[in-house]
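We just call them A, B, C and D in the order they show up, numbering each chain from 1.
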Amino acid sequence: MEQLLIKIGQNLFLVFGLMALGGAATMVLAKNAVHSVIGFLFAMLSMAGCYLTIGAEFMGVAQLLVYAGGIVVLFLFVVMLVELSKSREKGLFQRQTPFALVLVVAGAVAFVGVFWRTIFGSSAAEALTLSPNLMAQGEKLGNAQMLSRGLFAEYLLPFEILSVILLVALVGAVVLAKTERV
Amino acid sequence: MPTPTLTQSLIIALLQAILVVVFIFVVVPLTLYAERKVLGYLQLRLGATRVAGSLTGLTGFVNRNMWKLGKVPMLSYWRGIVMLVGDVVKMIIKEDILPTKADKFVFFIAPAISFCASVIVFAAISFVPGTLFVLPKFIPIVGGLPVSGAVGDVNVGLLWILGIASVGVYGIVLAGWASNSKYPLLGGLRSGAQIVSYEVPLTLSLLAPVVMSGSLQFSEMSRSMAVGLPYWGIVPQFLGFFIYLTCGFAETNRLPFDMPEAENELVAGFHTEYSGMKFGFFYLAEYINMTVVAALASAFFLGGPWLMPFGLHGVLNPFFTAHLPAFLVPLLCEPHAIFFVVKIIFILFVYIWVRGTIPRYRYDQVMAVAWKYLIPLTLVNLMLAAAVRYLTV
Amino acid sequence: MGVMQPSALEQILITTKVEKVMNWSRATSVWPMTFGLACCAIEMMAAGAARFDFDRFGCGIFRATPRQADLMIVAGTVTYKMAPTIKLLYDQMPEPKWVIAMGSCATCGGPFDSYHTIQGVDKIIPVDVYIPGCPPRPESLFYGFMKLQDKIMSSSLADRYREIFEEVG
Amino acid sequence: MKKFLKTLIPFDIAKGLTITGTHFAKVFLSANRRKVPFHVVSEYPEVPAKMQPRFRGRLQMLKDEAGEIKCVCCLACEKICPTQVITIESGKKEGRKTKLPTRYDFEMERCIFCEFCVESCGFDAIILNHQFELAVYNREDMSLSMEGTFQNMFGVSPVAKFSVADEEK
């Protein structure tokens, strides 16, 4: 009993990861759009659990707050008001299927290749360790502080570029919506 | 003190969870009863005073004879307290209707999400710092181990609470959608928009005391409140406290911001199609959320959970420990859960008070209050708090 | 008198029967539906307001939706146009449910003995308590409500099911 | 700017809260001590309800000192009744000059308590008494006549155990 519990406790990350996978599978496979949003939510919650098990409490809670609390709600909002039972939209999605399949296969091959090389390849040791600079700071600093150090000192440029890309996407969405209405 | 093994700590965690649930099931019906009574008193009414068949049986016999003698029976105006038992039992044995065209899975899961989210929030609220009580030795596995005052006093307690509370909105939105009916859908949409937009000023207003005390942890917060801030967080954070309360009303869907269940426009909002105990779970969740908001307010603004008001603990504690009889010392001296509970009760009273006083807002007004007034104000407030922190520390 | 007086023993002892507890809890928290048709509804609102205070009986929580209500107070004239709606609302209420016909119009059509009014709401839904009056005072409503509570307290599950299944046949 | 400041400093909300808060404190302190209750509730089932002198309750036939029915069957009440709830059959009795009702039926369920019958009566033979506790379980109980033990035209009908009014007698 004790041993089993300890084993589960050690592999909680795996448990949560499997739950996240299950949620993601539900999201893809569910016929009803709202059910797939619920699957997505479940996946997001399990990811937060993953973060919590590896000691990144701040990340986990931020995941909960931003993704589970904010973004999926907006998804749900849109999905609730969209009715996918109309034949026109269904046809649209079905026509896309072959192209999408090709893209998915290509993406999967690339992903598996990268994954294989990172974990089992020669440079695995380097890829799987954090920068020693950050590690040393993490010893004495708190979780949130370490994260902010990483974001705003170590990787400032990628972070800013990412936010600019998000901004561009936002502006683009606004432009698209605007032109349609006029 | 021995380090508990994993099994033991799991059992203790289970015990704590049961304690939390018991606390909820004591506090929530009492709040319900208080709502009836206080709302009545605010409107010069009496609220619940009679239970069914109160003129028969022993109490009825006593009461009737007292009335005949021209006297008011002792329990006359408080008899309604039995009514909450009646409410709960009735709701459990009521028929549970599942609409034919409802989405059965989502319809079933929505109240569960709502209820579970509000209960899980309680995990991070600690009633007493450190040990609540030590289990007696004769209990087989977990004898002699301490039970701490919170299920988990995580170092990101505030964020944890906010995160889980924001998951609670799914209960409402999904309930609205799953009923497959117009009014619930509208109620769900409204509540989604309202809660998402009020979460911003709520979080920002809570950040100001966090900036001033420098920690997200509950116990740390109250410790700094005892030393650093001038006694109560409400004194430097006057504006923040009121913004927080307003957002708390909106987050828990209470009047004057009861947009999701607007009885005047949308039959009963998101739970129109729910009956029996499923509706009861929404009801419970609303009151638990109220309690959580009250607990947060007492932790962040009303001088930390376990301290006496106005910094009196520094003056009175030595006096108490020296002069009071021994059994009263743990009750009145620091740390005491009593003041925490008293503060929670006060905030709950304020909830009902405001409900009995202020009329409802229109929906666009609700949104305008959030985006045009509260968010700029909280930003200013946060800047001020940061400036004070920068200058003093 | 039609009502049995409880004996002294019954007044003192708390009889522990599950059915009694269930009946008591049902009678204690009867939540009526916000539902008014005509002038009687005004008296019903007055009964809910501060002077008369329906909340004292534990039924101050007027639920707007039939799914959460136990009691339907048919307060006012039931026209033929309104009748299907009333029937629908009654069917939407979950068991156990009760109906009070308040006022002459709901009881028997009242002064409107004509082509547009149903002569008594008991033609479409079963009624438990009739309150005459045009409109009845709030006190009359309270008296009728207490009679209903009495009925709930003395009702039994077996009778209820017999009623339902005999209807179905 | 002025509007913004007005929204920012909610004096009106504070005023409202003060008023209701005072009410709460006053009722809270005075509710259980009967001296001067601050609340406005007339606690009907516990405290007997006071009816105004012109309150129109149930129709009642009067008898004179000798125990004779005052009614002389002039049918004025039957004719003037807007809802036609009074039915009178006249008869003769030995030793009485005027006619005597052998049947006086009153369908209370349809009565709208307008008091036209009492106003039209030239012999003061009927009144509307002050009884308001009229709720019944069956519609048949509301058709009153000169016979009948539970309810008849001659007296205030006995009410069930909830009424304090009947305990005072």
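Note that a residue touches a chain if its C-beta (ideal position, glycine included) is under 8 Å from a C-beta of that chain, and two chains touch if they have at least 3 such contacts.
Worth saying up front: this structure is predicted, and the values here are computed from it rather than measured.
Peer 1: Decide which interface, B-D or C-D, involves more C-beta pairs in contact, and give its chain pair.
Peer 2: Per the contact counts, C-D leads.
Peer 1: Compute the distance, rounded to whole Å, between the mean C-alpha positions of subunit A and subunit C.
Peer 2: Each chain's C-alpha centroid was found; their separation is 55 Å.
Peer 1: I'd like the Å distance between the centres of subunit C and subunit D, where a centre is the mean of that chain's Cα atoms.
Peer 2: 20
Peer 1: With chain centres defined as C-alpha means, what is the inter-centre distance between subunit B and subunit D in Å?
Peer 2: The answer is 46 Å.
Peer 1: So the centre of each chain is just the mean of its C-alpha atoms; given that, what is the distance between subunit B and subunit C in Å?
Peer 2: 35
Peer 1: Which subunit B residues sit where two or more other chains touch them?
Peer 2: 40, 43-46, 49-50, 56
Peer 1: Subunit C: which residues touch two or more other chains?
Peer 2: Those would be 50, 53, 56, 150.
Peer 1: Go ahead and list every pair of chains that touch.
Peer 2: Result of the pairwise touch check is A-B, B-C, B-D, C-D.
Peer 1: What part of subunit A is in contact with subunit B in the complex they form?
Peer 2: Subunit A residues touching subunit B: 1-2, 5-6, 9, 32, 34-35, 38, 41, 45, 48, 57-58, 61-62, 64-65, 68-70, 72-74, 76-77, 80-81, 142-144.
Peer 1: Note which residues of subunit D are touching subunit C in the complex, please.
Peer 2: Those in contact with subunit C are residues 39-45, 49, 82-83, 107-114, 132-139, 142, 150, 158-163.
Peer 1: Which residues of subunit C touch subunit B in the complex?
Peer 2: Residue list for subunit C touching subunit B: 6, 10-12, 14, 21-22, 24-29, 34, 50, 53, 55-58, 60, 63-65, 67-68, 70, 92, 94-96, 149-150, 152-153.
Peer 1: How about subunit B: which of its residues touch subunit D in the complex?
Peer 2: Per the touch definition, subunit B meets subunit D at residues 38, 40-46, 49-50, 55-56, 63-64, 67-68, 71-72, 74, 76-78, 353-354, 356-358, 373, 377.
Peer 1: In their complex, what parts of subunit D are in touch with subunit B?
Peer 2: Within the complex, subunit D touches subunit B at residues 7-8, 13, 16-17, 19-21, 23-24, 27-28, 31-34, 38-41, 43, 45-47, 161-162, 164, 167.
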